[in-house]
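Shared between the two complexes below is chain A, which has chain B as its partner in the first and chain C in the second.
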Partner chain A sequence: MADEHVSPHRARVNGAFLHQYHGKPVCLLGTIIRADGGGTSFQVKASDGNQINVRLRSPISEPLTGLVEVYGIGQGKNLVVADSFTTFPDSLGNNFEMNTYNEAVKLLHSVEGNLNPWIPT
Partner chain B sequence: MDIKLSTGAVATLMKGGEVDKPVFQILGFKKIAGQGGNDRFRLNISDGLHSHTFAMLATQLNHMIPEGELDNNCIIRAEKLISNAVSEKRVLIILDLTVLAKGNAVGVKLGNPVQYAEQNGNAAGAVNGGKPNGSDQTDTKPAVKPEFTAKPSGAFYGQGKPTSVLKTSPHKNNASFSGMNASDCVTIPIRDITPYGSKSAIKARVTNKSVVRTWSNSRGDGKLFSIDLLDDSGEVRMTGFNTAVDAFYDLIKVNEVYTFSKFSAKPANKQFTSLNHEYEISFVNDTSVIPCMDTDSDSIPTLSFQFMEIAFIESCENNKMIDVVAVCKSRGDVHAFTSKTTNKDLKKREVTLVDRTNTEIVLTLWGKQAEDFEDDTNPVIAVKGVKVSDFGGKSLSMMNSSVMMINPDIPEAHILRGWYDNEGMNVPTKSLVQQRGSGGGANAPWKMVREASTVDPSSAESGYYFRSKVTILAIKRENALYKACPEERCNKKVMDCNNGMWRCEKCNKEHPDFKWRLILHACFGDSSDSIWATCFQEHGELVLDSKSDVLGPLNEEQDAFDGIIKKAVFKSYTAKFRAKMEVYNNENRLKYTVMELNPINYGEYAQKLLAEIKENVA
Partner chain C sequence: MWGNNDQSFGGGGFLTSQGYESPQTGDKSKGRRSQNIMPVTCKQLLECEEDTYKVEGFEAHVVTLVGLVRSVETSTTKVSMFIEDQTGTMECVNYGGTDGDASSDPTLLAEGTYGRVVGALRNPKNQKYVIIFKSAPVTDMNEVTCHILEVIQNRMKLKKLREGDAQKAATSFTGGENTFTNSMLAGGLPTGTGGGGSASASGGVGHIAGFTANQNMVHRIICNAREESGIHKDQIIAAVKNKIAQKEIMEILDFLSNEGHVFSTVDDDHFKSTDSQYM
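== the complex of A and B ==
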């Protein structure tokens, strides 16, 4: 079963767009602000500067830092229940141009209509 | 023998009239080497009253002489003849004839023909193959006094073989100007210069004098100089070699009028001159140069120009020779450098010219002219025959044949002076100078590969530059590496001497070792198209992620090298390419070279894309 894992089509979001995807698959890229005790959640600063909470299904053993991309289900305005995530080494994370990325996210959402390939229907 | 010669025919023909099938006696003939390797025969013909040594036998009749049909004293009827005017004389060309009586049948010279009004007797005797015919010596026109001429040559076509037995003593090439009156020579207009008038003279103004050029080849050393001559009928180039340089170079001054007599003419080599004459002439041993008195020179115009206004140069095609008159707005310093292409040491100075079209352009001066130009008074400069080039936008370059006059006394110059002093110096101008960024970077727009390959690469002399984000699709594995000269600045391929030494032709040395160098041919593509381009050392090493000295030995090992290639393909880069048409054995081929190669800077590239998208959406 695990071999046939198919990713759902996720919308790439920042803080401002998250609420549009309540209960829907999202992808959130941001930098880790802090990890909560117990390793079950952490806080991420999204590309537009908003703080988003990330709740993990299974706890992690070590605290995370730097750039991270979270995949999960959006909940409300500032929560993502994460299925999985990707961490990036500092060499990439430190040079990442967050502003440019944010512009790209906004651009993806600016395309109107059903044929926007980046936004799941 | 009762054949009557056409008495008076020579005189009629010489005066430009026509005679129907005249009957002549051939007094003698001489073989000449003609144009294009054909022999020609020059005839001395007589009508019983006059003889004329300027008659040519048409080449189709040449055979009659060795076959013995035409011989001395034979009588012929010229069925078809034409006459060409050369100065005051006419050259007759006999195209078809009938032999009425053979020479030995006639036996004697008929009548007592007198040489028809030859202007100078120097060469007269030579027609009869060395036997001076008494009557030929009686000239009716004053001869050019032989003092200035070199050893008497009696030459046809300036060939310099002394055959005449004139009583002059041999002189060296003597350029003394004494005694001779210029009006004694009958001159022809420059337009009428042909190789058939070896005794012609022209009166002309020297508009340009080149520097003395020397050469040294397997046949020895030599030197030459050239002058451009102008009269009211046209212009012609004259070249003097070796002794002529010594004799005349210092004496001849630009813008002065001289009478040049006796020179040889040949078809012009257009490569070396921009003048518009079918022929060019050379000094011969006999050439004399006589300066003209002021009154004589009034009829000779000064340099003639056809000026193009600077604003129009923008649309002028490259390598065209034009004339320009403009104010020198500013001048640069002399810049000494070594030419990358010819490896010669050159000096140049750039001056900025501006005219009433409020456009400015750079004119490049070279060598001595560059050094000597120190004028800071914003002079008016008139230049003739400068070359248009696309170096640095659009610019002008002085050639060896160009002429520059500073503050010339011509109406255009006066108008410019007035304009510049009153308004021109304050008016903002449009400049045809385009600053070139490093390696032409300013002109390297981003293009999809397909877009770039539709641009005509011959539009810019040094090639067309463009940038693109591309991925390596393939790499040509063979001949990527070569053995090069180990000298610091030399990268020439070395030849294996097979004795442990390697020979470099450029340095002319042998070395016990070599260094490995890369010339990598790779196929670069994007979503539109792909091109094969050449990467040199630096870029090749980036692509293969290895230094060439490591790769060299691996060249032989198939697997290791394959591994390197495999890692290199399908990597993406931002590249700057140069597209240039190159000629290989008369074929034109479009070649791409990698000028810059960088791994993709994603942040930068993303910003560029965002900007483009926003622009396109707006």
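== the complex of A and C ==
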């Protein structure tokens, strides 16, 4: 497999866990609260309700809404510097159970290492 | 001579040899083998040491991944989809290629969307990929949550199975059957010698109809034996110690082997099950 297809192991986080991954790759799934002017950042409501700021490396032209998954590096308690993100159409986002996902994220962080392939070692 | 254009099958009792194939020496020679499918992450597949992916010693014949389709590359011989699931990226291949018109292939997933791939790990020349049996877009994001949980549950369950093997053979995999073994024990219960066991059926709990509770227990123990040579009768006796009398165990072993559920291997004291997944 060529190198361009290698991706980092990102931890799925919500607001509460973000600070544990300062400087490390994270994956944040949440809903867009608002996009800031200039298109370089937006705010996301994480699965536990916390508000997280997302800073983009290059600005986006269209306003984003709905369910979004952000991939980037965690910074402190409420910032993610994004490498990329995925938006989902309303058809996928509307039925998504955020509470259940949040429970799954909490579970991911509580199950010990070798039983749990989701958390980066 | 024989069989050139000869369509007649009569005569000397010989069949003209039209495709008289010798048995395949490949996968099928070992008899029935159960196939399983396990939910996995890309990282687990990338990091596993051998060509097959194993969890707690259980081999996964088929795996399923759920992740973002990062890129799709088509060529005349194959279609490669790179699935990224936050633990890593795995190449998933569909051989057969395209006619050059990618949009006409219904199995192609759209880049930047979540998809599920069901397939098998292949590792030629140390380049791992998954050969696709089925690929489909994820139509409900809850499937992603579900996959996350299934991956964890899969490992935990298999670890529990492995630990519970010989010691707690009476405990069913699906749980909830503990109580029957205690209530059916302690003498008085007729054993199933000579195939007559169905009369005292354990209320349908035994996973093969017609077994008594004790027969089922012994059969389960033998099914779980991992070694090539199966399990020695002393190990069976130790595993059901105090629950079944030794004489009864011997009768059960006779019954099971007469019925064809178990057979002896390296010597008369080693048994293996015909229903085992560990062929």
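Throughout what follows, the second predicted complex is superposed on the first by the 114 of 121 C-alpha atoms of A that agree within 3 Å, B and C clash if a C-alpha of one lies under 4 Å from a C-alpha of the other, contacts with A are read in each partner's own complex, and residues count from 1 in each chain.
Going forward, a contact is a pair of C-beta atoms (placed from the backbone, for glycine too) under 8 Å apart; a residue touches a chain by one contact, two chains touch by 3 or more.
Computed from a predicted model, the values in this text were never measured in an experiment.
Enquirer: Specify the partner with more touching residues on chain A, choosing between chain B and chain C.
Expert: Per-residue touch count on chain A favours C.
Enquirer: Can A:L108 be said to touch chain B (first), chain C (second), both, or neither?
Expert: Once the two structures are laid over each other on A, A:L108 reaches chain C alone.
Enquirer: Return first, second, both or neither, reflecting whether A:T86 touches chain B, chain C, both chains, or no partner chain.
Expert: Only chain C; A:T86 stays clear of chain B.
Enquirer: Between chain B and chain C, whom does A:C27 touch in the aligned arrangement: first, second, both, or neither?
Expert: Second partner only.
Enquirer: In the overlaid three-chain picture, which partner chain does A:N95 touch, first (chain B) or second (chain C), both, or neither?
Expert: both
Enquirer: In the superposed arrangement, does A:R10 touch chain B (first), chain C (second), both or neither?
Expert: After superposition on chain A, A:R10 lies in contact with chain C alone.
Enquirer: Residues on chain A in contact with chain B in one complex and with chain C in the other?
Expert: After superposing on chain A, chain A residues 95-97, 100-101, 104, 107 contact both chain B and chain C.
Enquirer: Considering only the defined contacts, which chain B positions touch chain A in the complex?
Expert: By the definition above, chain B touches chain A via 602-603, 606-607, 610, 613.
Enquirer: Inside the complex, what are the residues of chain A that reach chain B?
Expert: Per the touch definition, chain A meets chain B at residues 95-97, 100-101, 103-104, 107.
Enquirer: Residue numbers of chain C touching chain A in their complex, please.
Expert: By the definition above, chain C touches chain A via 40-41, 43-44, 68, 70-71, 82, 84, 86-89, 91, 112-114, 127-129, 138-142, 144-145, 148-149, 151-152, 155-156, 159.
Enquirer: Over in the complex, which chain A residues touch chain C? Could you list them?
Expert: 1, 5-7, 9-12, 27, 67, 69, 71, 86, 88, 92-93, 95-97, 100-101, 104, 107-108, 111, 115-118, 120
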